[in-house]
Structures are given as C-alpha cells and as structure tokens.
Amino acid sequence: MGRENSDMQQATDKDYPPLNLHVPEPKTRPGDKPDFSHIKISPVGAVAKPEHDVSAQDIKDLAFEMVRVMDEHGKPQGEWALELDEEILRKALRAMMRIRAFDKRMMRAQRQGKSSFYMQALGEEAIAVGQQLVLQKGDMNFPTYRQQGLLFAQDFPVMDMMVQIYSNDKDNLGGRQLPVLYSFKQAGHFTISGNLATQYIQAVGWAMASAIKGDRKIATGWIGDGSTAENDFHSGMVFAGVYRAPVILNLVNNQWAISSFQGIAGGEVSTFASRGLGYGIPSLRVDGNDFLAVYAASQWAAERARRNLGPTFIEWVTYRASAHSTSDDPSKYRPKDDWEHWPLGDPIERLKQHMILRGFWSEERHIQAQAEYEDEMRVTAEKAESYGTLHAPKTKRSPAEMFENVFADMPPHLRRQRQEMGV
Amino acid sequence: MDGARDIKMNSKTKSMSMIESIRDAHDVMMGRDDNVVVFGEDAGFFGGVFRCTEGLQQKYGKHRAFDAPISESGIVGAAVGMAAYGLKPCVEIQFADYMYPAYDQIVSEAARLRHRSNGEFTCPLVVRMPVGGGIFGGQTHSQSVEALFTHVVGVKTVMPSNPYDAKGLLIAAIEDPDPVIFLEPKRIYNGPFDGHYERPVVPWSKHEKGMVPEGYYAIPLGKAAIAREGREVTVLTYGTMVHVALAAAEETGIDAEVIDLRTLVPLDLEAIEASVKKTGRCVIIHEATRTSGFGAELSALVQESCFYHLEAPVLRVTGYDTPYPHAQEWDYFPGPARVGEALTKIMEN
Amino acid sequence: MGRENSDMQQATDKDYPPLNLHVPEPKTRPGDKPDFSHIKISPVGAVAKPEHDVSAQDIKDLAFEMVRVMDEHGKPQGEWALELDEEILRKALRAMMRIRAFDKRMMRAQRQGKSSFYMQALGEEAIAVGQQLVLQKGDMNFPTYRQQGLLFAQDFPVMDMMVQIYSNDKDNLGGRQLPVLYSFKQAGHFTISGNLATQYIQAVGWAMASAIKGDRKIATGWIGDGSTAENDFHSGMVFAGVYRAPVILNLVNNQWAISSFQGIAGGEVSTFASRGLGYGIPSLRVDGNDFLAVYAASQWAAERARRNLGPTFIEWVTYRASAHSTSDDPSKYRPKDDWEHWPLGDPIERLKQHMILRGFWSEERHIQAQAEYEDEMRVTAEKAESYGTLHAPKTKRSPAEMFENVFADMPPHLRRQRQEMGV
Amino acid sequence: MDGARDIKMNSKTKSMSMIESIRDAHDVMMGRDDNVVVFGEDAGFFGGVFRCTEGLQQKYGKHRAFDAPISESGIVGAAVGMAAYGLKPCVEIQFADYMYPAYDQIVSEAARLRHRSNGEFTCPLVVRMPVGGGIFGGQTHSQSVEALFTHVVGVKTVMPSNPYDAKGLLIAAIEDPDPVIFLEPKRIYNGPFDGHYERPVVPWSKHEKGMVPEGYYAIPLGKAAIAREGREVTVLTYGTMVHVALAAAEETGIDAEVIDLRTLVPLDLEAIEASVKKTGRCVIIHEATRTSGFGAELSALVQESCFYHLEAPVLRVTGYDTPYPHAQEWDYFPGPARVGEALTKIMEN
C-alpha cells in the first residue's frame, strides 16, 4: 500500500519538466529510403478464424493482428484460406486489371483537359472487388471515391462511368457532380458525397431500415484512414453497435490522407481496427492486398450481417500507390519509390501468382489480358469522348437543368429564378 | 379551411394541445404507412421530453418508435440512410439549439441527395425540433434557427402556430417526397401565448385552433394563412409571434392583416404580395436574432415585389443580436409592446 | 481449407431468415424488481496497478475490469490502495456531504419557484471530489453540469454558486446562464456549455496549448455515458491520442442519459472504458463510488499527464440516484427503488465506513456534520435569496446588459439595437 | 489607404498573390506573437492544399504549425480550448463546404464563450476557409457560406477581395479579441477574376492591389472600401464579385459606385448609407444562393435606412437556389452579363 502525501496537490512546477506537444511524423520524407518497419504484419495463416456469432471482446486480438492467406508463393495458408473456384478468381483478376487500365486512361484524359478531376485506386484494387464478390443484388454499398472496384466486380459498363467523368451528354448525373462521385442505384452504388465520412452512418441507417422492414438486404460502409477522424465515423459505429445493424463497416487504411500520414489520424498509437472494440463490434485487421484474405473476411462479415448477428468492422491494410487525386503531388511529402517497398506488395501481382500456382493462368496470358483491357479502355474512352467532354460538350447543356431535382416538384421561387435566367 | 386536404365535412374534432396534435399526426401516419418510423433522444419508451411521441412505441413496436443515442448527427445520418432505403423517418431533435451537430447531415446530405444523384436517390424525411424561448431555458433551450435552414437549398422549412396547423402540416411534411425541417415553437405547445407573460396561461382548449379534426388531413406546404384580415398594415410572421402580432393589433387598434406564413420555404409570396399591395405597409416579426434572420429575406422580397406600393419602410421586430439571456428573457422576447410600437410607428409614415 | 461455391453471391433470400432490428432495453422498468446483474464488477483489489508509462494495449484488460479499493468493510485492498492522510479524507467527506446538503437545498429552492432549474449529483459525489483533490492550481476542468464536486473539493464559496442559481444581483454571469452552468475561472472551472460533449475536445485543446507553451498545467475533460455518442467525444479522443495531450478524460457512467439507459449509448455491447483502446489511450474502468479508487486512479492519470506521458481515459461506474434534472421524472422509466439496490453503494456511506475503520470518524460525528452542513446551506441560501431570486429580483437588471460581452467592443449594430431598446 | 494601421509611408512593397499575402500575414503574426499557432488538414508539413501556410512549420516548428486529423469539429474545438488558454489559433478548414462539422463548435462555443461567461473566458481565434466557385469544384468545393455566419451572434465575418486587403484583414483578424471567420475566395487566390472565364487568367502581379507592403499592417475590421467611385448606382458586394462588378460597370458604362464590404459583420453601414443616399439606387451581388443570403440582410438594411432616397427597388444578383453544378458552373456563376443586366435594369427605373 502506497503512502500518500496530503499536499500532493501543492506540488510545485519544479517537480515536473515542462510539457511539450507531440506531433506525429512519418518515418520517411522525400529523399529518405522507404521504411515500413512500423507496419505490424502477422505471419501468413497465423490468425484463427472465429465462429460467426463471436463477440467483439472474444476476438480482441484480431484487431491487432493481421489476417493473411497467401504466402510469398501465392499459396493459401491457415484457417481463413478458401479454395476459391477458378471462375471467381478470373472474375476478380479481370476486375482488378480493368480498374488499373481504366484509371490509367482516365488519368490521361484529365491531363489532356478532358475532365476536371480524377482519383485512382492504384494498389487498393483487391479490396472493393473482393467485397463486392460476396454481395448480392439488392445490397447497397456506400462507397468513397476509391471503390470503383465495387462496380468493376459487377461488370458494370465502364461507358457509364466514363461519361460521368467527362460530364457529357450521356452522364446519368447531368453534369451535376464532380468526376468519380458516381451514383448507380441499380448497381447498389449509393450516390457518393464529396463530404468525407457522412455516408458511414447512412450505410448503418440503410441497414437498420432493412432490419426494420424484416428484409434480407445488407449494406456496406466505406471510409478512409484519414476520414476516421471525422464525426460520422463515430456516429456510424455507435449506431451500428447499438442496433446491431446488418452492415459491413470497411476502413481502407492506405496509410495516407492527402499529405498527412495515418499517424495524424491516430494510426501511430493503435491499429484502426481496434477502434471497433469500444463499440462492441467484432473487428478484423486484414491484408488488403491479399485477394484471398479480402474475400474470406468479407464473406465472414457478410454472413454475420445476413444472419442478423450484426456489424463487422474491417481495417484493410493497403497502400495508396498513386497521388491522392489529380490535384496532388506526393513527391512533396513522401519518398517517390515508397510503393515499391510496400511490404504487402501489389494485389494484382499476388493474385496472378496464386492463379499461376493453381494452374489456370500464366505470365503470357496476363500480358495479353492487360493489353486487351488497355485497348478496351482506349476504345471506350474514345467513344465516350464522342459524346463530349467537360470543356468540349457535344450539345450545350441547358442551364435550366440545374433547377431540376432540387425538389421533386419545382417550387415557385425556383421557377422564378429559372425564368430570370431566360431559358 | 386554409386549403386543408381530405377533411370530411363531418370529421369529428377533438380538443388538442399542440403536443397532442403532433402526437396525433404521428399516430395517423404510422397507422396509414408502415414505412413511417420515429426516433430521437428519449423519443421511444418515454415519448420525448415534451411527450410528442408518447405511446407510439407501445402502439407500433420498438422497431418503429425507438430511443436514439445522444447524437444528433447520427440521428439524422441514420434517417438519411433509411429514407434512401424507402422508409419515411420522422426524427426528433430534442431542442433546436442542439441541431448543430446534425447540420452537416441536413445541409450536405439530406438536402442534396436528390439533386446530386439526379433523382436516383431521394430523402423523404422530417426533422422535428422545438424552437423559441419564453420558458426560461437560457441560451441553449431558446434558439430560433429557421434562417439557418431557409438558406439551404433542398430542404423545406415549416413552423406551425397552432394545433390544427401543426397536425395538418406535419402530416403533409411526412408525406412530402423531400426533407422537411419542422420547427415547433415550444412556448405554444400547451397554449397560445401572446407575450403577456404576466397574465395567466391560456390552454389550447380555449382556442378555436385547438379543435383538431380526428384522423387524416394535410395542410399543403407553401401556403400561408391569414390569421387576421386587415387593411392598414401587413404583418408577416410565424409560430409564437402570430399570437403576439394578433395581441398587438388588438391593443393598438391598428387594423393589421396578420399573415401566418406557416411554411418559410417554399414561401407563399403570392399571399404576401397581395396583402402588402393592399395595405402598402409591412412589419415583419420573428423571435430569432435580427441580422440575417428570415425577416431579412422577407423584407428583401417585399421591397423587390411591392416597391411601388410601399408607403413606409418595411420594419423588422426581432430578437436582438445577442444570445437569448436567461434572466432577461422578457426583455429579449419581442413582445406585444415592441410589436405595437412598430405598428404605431409604421402608421405614422 | 474451405470449399467455396462460385455462385455464393447468387444465394437466394430463402437461405436466410428475415432480419430484425435490435433495440436495447434496460433489464427493469417501473414496477420491476431492480436488477443489476449485468454490471460487471471485479473483486476488490483484484486489478493490477500499471506503471505510468504503460501503453494502451498493454493494459487492455483494465478497460474491461474494474479498479476497486475498499472492501465491504471499508478496508483498502490491492495495488491501487493508498493510505491517505486523515486530512485528505476529512476534506473529501466534508465536500461530498456538503454537496449533498447543497443539492437538497437547491432542489427545494427550485420547487419553491426561486430558480428555473436544478441538477443534482446525488450518488456521484466521490468522482469530482476525488479528482479535484489531485489537481493543482492552474489546472483547468471542463466539467458537465454534474461536477459541482470540483468546486466543493476546493472549498469554493457556495454563495457564489447559489447566486448564479438564483440569477440574482450577485450572479457572476449577470443572469445570462441557466442555473448550474457555472463559470469560475479562478477555480479552474471552465464555463459550462449547455451543449453536450462540446467541451471534451476543448479540454484537449487547452491541454495541447499548455504543451505548446512548454507549461506544466493539465486539463480534465468530463462527459456522461449518454453523451459519449456525440461527435465531440470522438474528436476529443482522436486529438488527445494523436498529440498525446496532458489531459484526464473522464467519463461518468451513471447508467442513464435522461430516460434512456446506457445501452442506448453502446454500454450493452462493451464497456465505455474500452472506447479508449482504439485511440491508443490507456483506459481504466473504476468504481466511482469508492473514493479511494477514485483518488488513486485520478492521481495515476494526473501523474501521467504531468510527466508528458499523455492522456488517460477513465470510465467511472456510478449511478444517477436522482432525477436527471428538475424537469425529469424517473419513475416513468425505471424502478423507483433502483438506487437502493445499486451494487456499488453510496459513496458517502462507503467513505464514512473507511474513516470509521481508520478510527477518526464516527456515526455520531457524521450525523452532526450532516446537520451542520444542512444548516450552513439553509443559512447561505437565505442570504443568497436576500440578493434576489429569478422571479423576485432585488433590483431589476438593466436589459442593456445583455448586449455586453457579445464582443469585446460593442459593434455599431448592437449599439443601435440597445438604443432601440430605449435603455 | 483604406484606413490601414501602421504602414510606414516608406514601407517596402512586394508583388504577392493572395495566397502569398495570406501566408505572409501568418508569418508576420507568428513572428510577432508566440501565441499564434496554425493548424489544419494538410496545413503543417505540406502547407495546405492551397499552400497558404507553406513554410510555417519549417520556420516556426512543429508545435506552432502542424497537421490536424480530418475533423473540422476537432480542429475548431481544439482551437477553442487553446484560445481559452491564451493562444491565438488560426486554423484552416480545407474548403468552406467542409465547415459544417465545425459549425457547432463555432456557433455554440466559440461565438458564445465570452457572453455566457460574462467575459471571464474569451475566444480569440481565426477560422480561415476558401469559399466560392469558378474552379470546376462541383457542389462540394464551391460554396459561399457567409450568411451561415452572419446570422450567428458573437462571430465576425470577413471576406477580402485582393492580396493587399487579405493580408491587412487577416492580421487584424488574428489580433482581434473575438472569433473571426475569414473567408477566402479561392477563385481569386492567384489573380483577380472578373467573370470572363473565356479570357486568359490575369495574375495579381498585374494588379495594383497585388503590391503588398512587407511587414506588419492591419486593416480594421468593420470598414468597407470604395473599389470604384460612382454617382449613378451603389453596388454592394465582396470577394470575387468585386471584380465582376467593376467589369460590369466598365462594360455597361454605368457610373456605379462599387463598395467592397470586406467585413460583413460588423458591417460598415455608414459607408453604405452614404453611398446609397448619394446614388439613390442599389444593386447587391453575391455568389451564394439567394434565399436568406447575406444580400437579403443588405437589402433590408438599405431599405430601412435609405427608404426615402431610393428611386428603384434594391436588386439582388446572386447564385441560384440550387447546389453549385459542376458542368454548368458558368451558367450558375453571377458573371458580368447578369450583373450588367441588373445595372441596366435599375437605371431604367
């Protein structure tokens, strides 16, 4: 038993050194040699796969470990390993490769001034693709701007995406939205907000609605590591935990917000996955560049949701290989060759390796496929451009259109303003 | 009857306070439409701190009327997701003063879903919140926040002044295909209040607008009501201030036409124009702070549309540009004396 | 290795039962027999006391256990036990008893129409008192409306509090604020907001400022179980974790918000203390009705802050014995005799027992002291009332005062409005 | 020189863009006062997505200029605590469109600390944020949010229109003992923009207001500037629209007096009155949506204070009441053609 001094509260300043502010700093800056030794990586196959009806507290450790399935030879290991059908794997690889070709083409179009803006998913393709492959028609995704994989995994027509990026005549959003802030209801793709994190709680609300109605649909929410600092990350987690909403809450930790690294969002002092524990939500930390791990963890989470066992929170560990957007220049704040040293590799390379190991893919076919997809994207982009681009519209959009869909019925003041406009 | 839809001539009426008529509107709509769900802080088992949702959980089940975490942004955010799913959430913010955490979800999300998705996703939800002072609630239980919504494109803003309107407007709001902010002047929950705080409280049972039809009826959003016809000056107002304006007209003997706007966005500009062109004078009254209050918009609109008919400057009587003080509540509140002065002054011009 | 069906995503509705919404419900409602078997309580003295420089992850378990010091006889047990000086204990007991007498008197005054509103701390007195006793002059508390103990532990003049409650001539806030939303800068008592949770992040910001300046002051933040659902709980935790702010983040879990129980805020699925883990903040769950535990945990946390080791998050488990406020009637939503069955008892009784055990207190002196404090409060209240009460002011406050302190210098539009007012 | 304080007659000037002058204002104040700290998303190491805080971390250290988590409410909330401590935080919200999560901290906390504590605690902080469209940013990188602040008692709202004012006003804002919302029209960060998007971009180096004194000077908050003297009509505007108004005056040949308000709250009503009483006509221009925009308040004030001098209704030229559309940006933007029409129309009355 300690002995307590009654005037502890009188301790003078001299008893303590002056305080100072800790500001997290990434290990490396431009010019430094990339160093990822701080990323905690579990051995392949080392993490157990729990039952679906587990409680958050029972699997605390999974929030600090990392679910990994493929070893360095592409061979699946451990309890999370599934022997996936060739068909699924082909579908996945195709989707991931097509995303990469699409991104490349759309980056180029933006540089040519054909659109105002673009954002790539380079290096993160496995995550959205793997998750979409476990979803069903009727489920709803609430994505950020880096989940084009949800669409590609459904073989969604790239033309529909491109015309939105070009804001041209065929854009389903009528030019209203910034490129890549898609809305495709039929594909279960909720209208993407430009405001970060707001849709996490909406995904939870949507899932609650399904439960309220006694339906069977589930939702997925998406957020970035940087955006977890936002308010609505918290409200989403609180509501999901309290009402046990049938939702998969995804957090893509690609190590960077724009110029600030994940430490500025709290990634220095704990794993993001561990955020789920306090909300009583079973939480996983998963290698997001390992397609087999992505698929298995997504499937586990989807099964929990469908069986009314509540939400699952998943931190996908990956790396934002590209610039944040076409407005960003990462060479200003991180080593140029960072991605080459990223310890979890390239998700496409890793899936390719697995498929070659399984015997239904080869380097040659890979090269062929890549050429084919790049071709496809070139041809489709040209076609899309024939419907106009942002600054070279095919037909001038009527300015009156902007007054539509503010409300279901246009109120008098909007009619008056439209008239003033003289259109 | 103010353009109300669907009231059978022989509808039975019942004396109701505004709390009861709001509760009844919920009840009617939950009965008619399984997609209507209600939640908010203390709104489930207990029925809300003002008891506007009392009994709904017991009647319709926990999955349709439930308590929410103390997270206004979560409440509205979840409601946005539910509305997009196809439900019709009608949520309660405990006091308007606490709506700020939800402001982002309202402005950036609810208000914009339809437009940004070009009509693919919609957001039919109602956000109810008590507004206004007069209950010694201090600066955080007294605010009038309407102007913070009228500036937001994509939401409608409604404020009833009596039980009859409250029920009909709330039903219309729940039926509306777009987000509606439904502001409830808490000072008149239990009775009309004309600003004479020194006099005994009058209950709604003593007021004709406290007789409320049973069952379904809707008062269309966007239509004002003439609370008092008059020829000398037009008073534009809403909520509690309608009763203050009526008292001031009575007390000054000035033949004011008192227009109860009921819906601020969309606004019934037609009714306003017709009245101001008739009277040539206009006084605007609201309890909210003055600068950039909704009175500014009304003043601008009146002078834009009736400039050549105006015989005197449009006047505003409003709360002062200070937080709502606790002990000095009645100095702050724009009561019948201040309104009367404005009426008198405008008639001198 | 599992075998995966390629058309998993084609699973039909029939494979799963309909979903349904889980809405947490307290174990007991009015008329039921109180039941607190869901409250997880560790044995007295069972929890280890870690070093000050521990990491959140090292002491994960402390977020799920409960630090308790006094056994059922009032005897201290285990590593957290301190042999506190008689003087501190007397001070603490006196503060707690005076709070109770004060609350009682102020409740009565409100019922008599002398003030508009009141909020008691009944049953939670040990927490604020225990924490204040480890703080130093210059530190700043960011309290909620239930931490009058922070003032009582400093022997702050109750007159200054009462005149605020009566909004009378001597109110330091000039009648501006609702009763109990005190502001006493000299006593390290930040101006209380009526908006929940907003001040958690402000406490962190204040502490960051101290660190930025190289000062030695620390801050304490306060929040209720219900309010943890608010946004700014999250922002406070994020900033505290990221910048390692010298702050004690207190969460008073008194089991109830207004009418909704802690399960509606997430307390059903995890402990609130476990929320701290995801932010990398060392987190404790502590018996808030055990003064010795409160003091020891507060001291540990304060020491961490002062030694620049960063924030500590503490869930104080207690029970809101009274109504939420004078506007509330708990008999509508919970059993009337709940508190009598609360397993952690009454903090005053428990401290009394310890002091009697230590030999410097007795039942008789306790009864005497109680009478003395009730007397003190009656006399002081009468004196305070002689300066006026809300509806019976001594001198009519000038309405012009409300225009003061909106800004440091009154801008022209406020001058004009003040003139219009004719004062 | 517009009432600027402390500029020595022989101050050296330097050509600066608005980004550079804002950066310079930070630099001057951080150099003069250790209590000035700067943080925001990407504002530390990188210096902000618009580079307004570039180099400050390198010069003043990580503890005085640092990156913040993506949490606007956290940024302002922490700043409130720091300001109460005695620091002078000057924080950046990356785009005004993202300020909503911080709205509660601004409205309920920063704006009220002084009043609710009766002067015991104060909150001297500056919240900077880029506003306005014209950069193809779509609905979430284009908003003009000033009216959401002008309605809030307890905060001041500033919007500069050129590098010279930006520096002087930002310095005054940092020195101000109360919270100041500092709105930066991002379209004119790099050069004045008169709405002729089809013409080549003009840099600030070609504009007299791009010559900015080195070192310290402050432009008092609450004082308007006359951007162009004129006799026929008063144009009230601020930010980017000042340049549009000037172009419209030139192009229509109408002798407009263009008043650059610079500070919206507190407002220089004296300057407004003097001008409108002289010209008898008033056009108000802003980029924000119309309903309940700050133009409404200006219109109301002008007609309240100059009613008997007005020869025609006060007109407003504003953004439409729709979200800022991406592809139709130039149809939405109130450019010189629309402003010119209003000038022509008001002269016809």
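Here the chain labels run A, B, C and D in written order, and each chain numbers its own residues starting at 1.
The definition used in the following text is that a residue touches a chain if its C-beta (ideal position, glycine included) is under 8 Å from a C-beta of that chain, and two chains touch if they have at least 3 such contacts.
Everything numeric here is computed off the predicted structure, so don't read it as measured data.
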>> From the centre of chain D, which other chain's Cα mean sits the farthest off?
In response: C
>> I need the chain pair with the most C-beta contacts, please.
In response: A-C
> Where the centres are mean C-alpha positions, what is the separation of chain A from chain B, in Å?
Replying inline: 41
>> Nearest whole angstrom, what separates the Cα centre of chain A from the Cα centre of chain D?
In response: 36
>> Where in chain C do residues touch at least two different other chains?
In response: 20-21, 23, 174, 176-177, 181, 193, 195, 208, 210-212, 229, 231-232, 234-235, 238, 242, 264-266, 406, 413
> Residues of chain D touching 2+ other chains?
Replying inline: 63, 69, 71, 73-74, 97, 100-101, 104, 108, 112, 115-116, 139-140, 153-154, 265, 291, 321-323
> Inside the complex, what are the residues of chain B that reach chain A?
Replying inline: 37, 63-64, 69, 71, 73-74, 77-82, 84-87, 101, 104-105, 108-109, 112-122, 153-154, 156, 177-178, 222, 265-267, 269-270
> Tell me, which parts of chain C touch chain A in their complex?
Replying inline: 1-6, 8-11, 13, 15-24, 55-57, 60, 64, 76, 81-85, 87-88, 133-136, 208, 210-212, 214-216, 229, 231-235, 238, 241-244, 246, 263-266, 268-270, 272, 274-281, 299, 306-308, 310
>> For a test of understanding, state which residues of chain C touch chain D in their complex under the given definition.
In response: 140, 142, 172-174, 176-177, 181, 183-185, 190-191, 193, 195, 198-199, 201-213, 219, 231-232, 234-236, 238-239, 242, 404-409, 411-413
> What does chain C use to touch chain B in their complex?
Replying inline: 20-21, 23, 25, 29, 116-117, 167, 171, 174-178, 181, 193-197, 226-227, 229-232, 257-260, 264-266, 327, 332-333, 390, 393, 397, 399, 401-403, 406, 413-414, 417, 421
> Once bound in the complex, which stretches of chain B touch chain D?
Replying inline: 73, 97, 100-101, 103-104, 107-108, 112, 115-116, 139-140, 147-148, 150-151, 153-154, 265, 288-289, 291-297, 299-300, 303-304, 307, 310, 312-316, 321-323
